[in-house]
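Working notes, structure below.
We call the chains A, B, C and D, going by the order they appear; numbering starts again at 1 in every chain.
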Amino acid sequence: MSHARQMLETHPAPAQIDVDALVACIDACFDCAQTCTACADACLVEPDIATLVRCMALCQSCSDVCVATGRLLSRQTEFVPGLVQSILETCRAACRTSGEECERHAHHHEHCRICAEVCDVCAQACDALLRALPA
Amino acid sequence: MSHARQMLETHPAPAQIDVDALVACIDACFDCAQTCTACADACLVEPDIATLVRCMALCQSCSDVCVATGRLLSRQTEFVPGLVQSILETCRAACRTSGEECERHAHHHEHCRICAEVCDVCAQACDALLRALPA
Amino acid sequence: MSHARQMLETHPAPAQIDVDALVACIDACFDCAQTCTACADACLVEPDIATLVRCMALCQSCSDVCVATGRLLSRQTEFVPGLVQSILETCRAACRTSGEECERHAHHHEHCRICAEVCDVCAQACDALLRALPA
Amino acid sequence: MSHARQMLETHPAPAQIDVDALVACIDACFDCAQTCTACADACLVEPDIATLVRCMALCQSCSDVCVATGRLLSRQTEFVPGLVQSILETCRAACRTSGEECERHAHHHEHCRICAEVCDVCAQACDALLRALPA
């Protein structure tokens, strides 16, 4: 269990956005960063590696985007809605793209099945937080 | 001098986008990641630290976005135009936001003046690459 | 809850090290990366910011080391014991250094108290994994 | 060309270590982070991908370590010699391990040949900075 909620609740600046949606999104980003890194690595030793090229490439980039997004969302001191919106859209796009590709391999590889689920959770968490942004 | 161009030219998959604009953007992203990290750190020991809070917070996030963008652009195997467009827009927004804040302190702090310039170069490199994206 | 254990258990290469200690360390690294980023940001808006300079600087670096360590540990395909040992020693040092500084502010700032605890958990998880490494 | 030197020279805290060696190491770290990410991606589309598994896995981790090292070295406010020494040893180990593997493929793949060189430069820059550390 992460400490994202405790850190938000003890931050001297009040959160500018729904805390439940924010915590869910931060947690999802770090979980997805870890899972995508692990999935790309696991693909490397599958016998059908040649069919997993797109999966590995997309998971690498999704992991990078999730780390950046998780860190930005962890900072509440200077909340710039336009920037938060933009990175959430990027992260949602990265997670959807990776998740769809992992889903194609879900029947053959359990790590791809799990990764597809984690990407989907993260994409949805980004989407929910986007809807919670001040208009 | 970076090896971004050599790596692109020896990549077995052809670049999907103008190589000059791509190299310029990759180099700008890593330079901006380094500069923003250094600027946020330098601000910590300025006597007027209390006026530099926004500068430090924005530079931290800009650095994170630049690392992610520089890495995504370094991968040519699975070029997803929609995802590249989205992260370039995010990176341009992050660089503009940081650069404008650094510019406000440029007369007092040389590191802010340099950082404002580097952010501006990176924002322009993102913008140029966005215009080079396939429609 | 992270998916680190599930990803390790479905990885086609067997883990080269005790899985419980590995999962605990991966989870601690990502949790500490998030917490240190949040703590450094929270310090920025404390009235006694000038006394928190060392805390902010160390938390930033601890977060960077934790991201790198969490990612390296998430890869099992090419397990290089000497490299794993080295980054675990670095991460333990970073977490101890940050944690000790945060502890000094724990009575004034709840976010520092939590961060000190999370750093301590991560340092101990690195230590436990170091002891589990093949001799 | 990076702005690492200018940022160090305008930092309000004096560098705790030889500036030439420090600049060289910061630049080498970010260059190596970019090159290793690009090499791992290029390997994905080589016909002999199955022989490049170790290369891709090591390059991914080397890139992560280089980003963390480049960022830590960019911060001069709280210079903790023991931590700097530890991450430099980790980075040197990561670069040597990646570089040796890339070297094995240098005759077949230009990107591996370039990456081996860049890893070697970074390992040497870490080594030089380690020797410049205060005893």
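Before moving on, here are some points about what is shown:
Here is the rule we use: a contact is a pair of C-beta atoms (placed from the backbone, for glycine too) under 8 Å apart; a residue touches a chain by one contact, two chains touch by 3 or more.
This structure is a prediction, so every number in the text was calculated from the model and none was measured.
Chains that count as touching both chain C and chain D, per the definition above, are A, B. With A-C and A-B as the two chain pairs, more C-beta contacts join A-C. The greatest centre-to-centre gap from chain D, using C-alpha centroids, is found for A.
One inter-chain figure worth recording: chain B and chain C are separated by 27 Å, centre to centre, where each centre is the mean of the chain's CA atoms. Averaged Cα coordinates give chain A a centre that lies 21 Å from the centre of chain B. Contact with two or more other chains is made by residues 37, 41, 44-45, 53, 57, 60, 67, 71, 75, 77 of chain A. Against chain B, the residues of chain D that register as touching in their complex are 1-4, 6-8, 10-13, 26, 30-31, 33-35, 37-39, 41-42, 44-46, 63, 67, 70-71, 74-77, 109-111, 114-115, 118. Residues 53-54, 57-58, 60-61, 64-65, 67-68, 71-72, 75, 77-78, 80, 82-83, 86-87, 89-90, 93-94, 97 of chain B are the ones touching chain A in the complex. Interface residues of chain B facing chain C in the complex, by the touch rule stated above, are 37, 40-41, 44-45, 49-50, 53, 56-57, 60.
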